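Please read the structure below before turning to the comments.
As written, the chains take the letters A, B, C and D, and residue 1 is the first residue of each chain.
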Amino acid sequence: MYKLPALDAVKELKAIAVLTSGGDAPGMNPAIRGVVRAALSHGIRVYGVNRGYSGLIIGDIWEMNSRSVTNIVQRGGTLLKSDRCEAFKDPTVRHQAAEILREREIEGLVVIGGDGSLTGAALLAEESGIPVVGLPGTIDNDIHGSDDTIGFDTAVNTALDAIDRIRDTALSHERLFLVEVMGRDSGFIATQVGIACGAEMVVIPEVEFKIQSLCFQLANNRVKGEGSSGIIVVAEGPRPGLTYRIAQQLEENGQSPKVCILGHIQRGGSPTGHDRVLASCMGATAVDYLRAGYSSIMVGVQKGEVLDVPLKEVLERKKPLASEWIAMSSLLHK
Amino acid sequence: MYKLPALDAVKELKAIAVLTSGGDAPGMNPAIRGVVRAALSHGIRVYGVNRGYSGLIIGDIWEMNSRSVTNIVQRGGTLLKSDRCEAFKDPTVRHQAAEILREREIEGLVVIGGDGSLTGAALLAEESGIPVVGLPGTIDNDIHGSDDTIGFDTAVNTALDAIDRIRDTALSHERLFLVEVMGRDSGFIATQVGIACGAEMVVIPEVEFKIQSLCFQLANNRVKGEGSSGIIVVAEGPRPGLTYRIAQQLEENGQSPKVCILGHIQRGGSPTGHDRVLASCMGATAVDYLRAGYSSIMVGVQKGEVLDVPLKEVLERKKPLASEWIAMSSLLHK
Amino acid sequence: MYKLPALDAVKELKAIAVLTSGGDAPGMNPAIRGVVRAALSHGIRVYGVNRGYSGLIIGDIWEMNSRSVTNIVQRGGTLLKSDRCEAFKDPTVRHQAAEILREREIEGLVVIGGDGSLTGAALLAEESGIPVVGLPGTIDNDIHGSDDTIGFDTAVNTALDAIDRIRDTALSHERLFLVEVMGRDSGFIATQVGIACGAEMVVIPEVEFKIQSLCFQLANNRVKGEGSSGIIVVAEGPRPGLTYRIAQQLEENGQSPKVCILGHIQRGGSPTGHDRVLASCMGATAVDYLRAGYSSIMVGVQKGEVLDVPLKEVLERKKPLASEWIAMSSLLHK
Amino acid sequence: MYKLPALDAVKELKAIAVLTSGGDAPGMNPAIRGVVRAALSHGIRVYGVNRGYSGLIIGDIWEMNSRSVTNIVQRGGTLLKSDRCEAFKDPTVRHQAAEILREREIEGLVVIGGDGSLTGAALLAEESGIPVVGLPGTIDNDIHGSDDTIGFDTAVNTALDAIDRIRDTALSHERLFLVEVMGRDSGFIATQVGIACGAEMVVIPEVEFKIQSLCFQLANNRVKGEGSSGIIVVAEGPRPGLTYRIAQQLEENGQSPKVCILGHIQRGGSPTGHDRVLASCMGATAVDYLRAGYSSIMVGVQKGEVLDVPLKEVLERKKPLASEWIAMSSLLHK
């Protein structure tokens, strides 16, 4: 359980708004609920914006009450719907969005999404002066400035559940499976899943893949009497098709691997307890930051503590995967 | 709960053997347990054959006791491992297998698998005179002579769980998803899953697919105010790549569908209650049939009753998908 | 997959209504959806009645459309809410309910519930002449005239999932657990769950419980080297407290069992594929029966076939648990 | 993902041993696997001790290899079995245990368990001079010196899954449910579960319970139009029967609550991804600490970092539940 910040309110807010943007992540609903319940408890009106920035720029906005978020804490997806909005890259469009917020006396905006969405948030805040607080909502856990993101834990567990099933067939048929998990250009999901499922190897963008090492390890497993079954977890990586390319290389080396692409199942489903709690408290904390007069920040988690991270800092760096985890992953598969 | 047959034993059996063959299916473990526990309770020795016919022909056989099957009822896969064995198509090889069984005084064999495996079982019984009883073990539910097969219910539920997750993203992003499920050249899994997940359409080999009907229905949904989200369940069908071909056709018609291939997760996982009970009682009943002097039969389910079906009959026909289910599926999506 | 009836419509219906009554069961939502979608596809208006008979007698009724049942197929509980209504036992009150239906030109009522609810349905139909069709909606599977009820399969799987967890502790601590499952005064859930979880013994109302047999079997397991861990599944039975009484008797015989009462978790949760399909087709079939001019019947399943059963027949008998299943359950635990 | 320590080995170890003790917790198996794999990779022999201290004092010890821990990462319970051992409180018995370890040239012991087990570990290390490293293995999360314990995350998710089901019935019947969760005399599980399930109230030992506040809040919910359904999560607390006492008080105040005691299901089941990763890396880190010459410490997590905590410090204090989480829990239910 994280340490939560203690903040003094310096502003009386009339109304705030909340939106979800980019790829959906399990936990967006409890995050919305956290924002709504915290705002209402301080007498602040809350507006929900439909379809992320796409809804904001056309004023698709509605007032939410306590009942709007009843019975959603356990639902995947986002009740506010989400979208990737190209138009929001245009400053004129963002200016328009700010006008729409001002018309409704909205004095703060909470944006839940990945780094694309947070970039939009930072620009909107800077240009319009409207306070904006971001929440890291993405299954990929690739947001600099936060050790954890909303949806990551659920995605890991969903992938694990799928791989536990695949392991049954791998063992029954003494077969090798390549299982591709999500994660864009980082290996967070793959490493966590690989350790947790007892994978024979994890292929991630952070480490150069060599077919020889893989073949060597597979031969080694056989020598140790572990048979020819196995699970290799592959991070999708920046270029599509990696898993199929590895499968082909394995075939050229005398293996007959099967390929599974887990795909979109990793985005959905009821959020785990961890993600529900993280999202709920980040949502509530976002309201506290707005009341304390902060803007252009993201609510992040660092060293077990929930805190504010300047959006600028969040967006200018890539979050690295700690090398000790890569080592740990390889140690445990031996 | 099925009606179970009441059989009189006419033979004293010294020993029987059990093997699992072909693609693994959740429920093979409780089926093995049913065979083992029932045999032991009648004082019959039981041998387990590893890796299906591949193990049989090299004598990879071991004696099982009650503890061999402790704590396996809830495990996916098969503790006896499975294989597809090309060599068993050769009569000389089958002759050899029969010799191996006779050497161990094995007077009955239980084969758990799909139609390829049951074909081997029928030939072995006919040529060698060793009594063989088959159990329909396949997630595809495509065995003639049995309304239900071991593993089908679990596969349907696994696919459903995945699609319920995908639905979260479909709704949040108002997106159309094509989800490919298993089932070889029949539409049992797809139809059952389609009805159960509330799919907008089901594409199965039994019904000619027309891109126009699909586009028409999608347009219709939009008119009714159901938005542009949707799930289309596609049976993999006899030729790979169908789902991607449909996606392309949809794109040519102005849609932007996403594709998910559920793949091997459908084969594994802890069997459902239904599959555990079906498999357990089929396993125990197979022993009863052997004791009653039957051979060359499969234990099947028809009209709510567990009964014997001649293997010959099982293998000469293809099991049709009832047209009323196709109609029901289309009615409920309206 | 069940055989579905083919019915000819003889009546043009203007409107029908649907309600859920008694204890909720997973699958009630897909049943409602089946009724609504089938009715709309035939141009029949559909009304939803809130809170079962309690809502009917005060006219808490609303018109449903296709969107009313969007995205509910996977939800537990019932969107129409449910209640046990004592007042409906009074003929005057039922007369009033009939008036309310007539005022809205409702020419058919679908009642989803257990035997108490179906009794109300039968009386309403008989006294008012308004056609009523019942669906067996109860986790207990104790409705005469149907081999299967909506919710039973889900309840069995939920109980199994819980017991699979308890088994981990039972094995780790070599402990004996008594697990109480629902089922009112019948042993359907307990027997199915007991077979599926590999229980050491099943205690059901249909078979007299003798502490000596249980102690004998536990001693026997130890002799066979199976250790002292074990799961005993106990059906709640007609009188509360049975499981604690057995625990005490075991303690007096030198055992130290732990007790778990699974309780209400068995009523909820996303319905299984089986229950979604069963409920969907029973709901759609109920509409067909109303259109074909039937009344005072229940949609049931017998011998693998969906058919009509006179409510009178349903209500005058108790459904027995087949003795062969009791024998099977005891065979597999040996 | 936690920061892992970087340690220099100062000792060559011939052999170490590992045991699990006290109540079992999901994740004990991956913890054992972490110890075994890490030790083997450094050329250290590893012994498994069966049944915790009970096995240690009778020398029930076996040598493990890499295959001993194959395919266990996803299993609940502990393959080494566990026990609460009263005899180990006797110094003579502990002396005997040390002798048994020395005879086998075991130069380090890893103990996985709760505070009772860690007390035994501290005494054994102090008296015998054999290096001992503890891992916090308990679902209750009540170990001072570590923000997280092995099994807590899984227990929270299991309880949540159960409560999500109960919520279906609560909503369908507009009923109030009191759900009792584990946690001994602390409210960690209850608070986490309460936030995550959207409970109307959480009753924990850390906050004095007043029936008036609860009744007031329930009345308030009704005024806000949230109906009379609700979930109240109750921590079991130090004295059994609390939940029933609250139920009775509610009845005296005109409510009709239902009671569910979740019980032992919270101890079992496949560990979550979080618990598998935490346990794996704690297990591997324990070996690193032994190689670095540490003793009488526990591997803990503080501020997002895995580190060593003196056992003395662990055992002399009670871990408090942060008041900000109590406030957060109450804020979100409003």
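The rule we apply is simple: contacts are C-beta pairs under 8 Å (C-beta built on N, C-alpha and C of every residue); 3 or more make two chains touch, one makes a residue touch a chain.
Please read these numbers as outputs of a predicted model, since none were measured by experiment.
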Handout entry: Shortest walk length in steps over touching chains, chain A through to chain C
Key = 2
Problem - Shared chain contacts [chain A and chain D, defined touch] - result: none
Completion exercise
Note, CA centroid farthest from chain B's centroid sits on chain D
Exercise for the section: Taking all residue numbers used at the chain B/chain C interface, answer same if over half belong to both copies and different if under half do. Expected result: same
Completion exercise
Taking each chain's mean CA coordinate, chain C and chain D are separated, in whole Å, by 37
Completion exercise
Taking each chain's centre as the mean of its CA atoms, chain B sits from chain C at a distance in Å of 27
Fill in the blank from the handout: chain B to chain D, mean C-alpha position gap in Å, rounds to 40
Handout entry: Residues within chain B bordering two or more other chains
Key = 164, 167, 171
Completion exercise
Every touching pair of chains is listed here as A-B, A-D, B-C, C-D
Practice task
Over in the complex, which chain A residues touch chain D? Could you list them?
Solution key: 1, 3-4, 6, 30, 33-34, 37-38, 40-41, 66-67, 70-71, 73-74, 147, 153, 156-157, 160, 164, 167, 171, 188, 191-193, 195-198, 224-226, 270, 272-274, 276-277, 280-281, 284, 301-305, 322, 324-325, 328, 331-334
Exercise for the section: Using the touch definition up top, name the residues of chain A that touch chain B in the complex. Expected result: 20, 24, 26, 28, 51, 75-78, 81-83, 158, 162, 164-169, 171-174, 177, 258, 260-265, 267-269
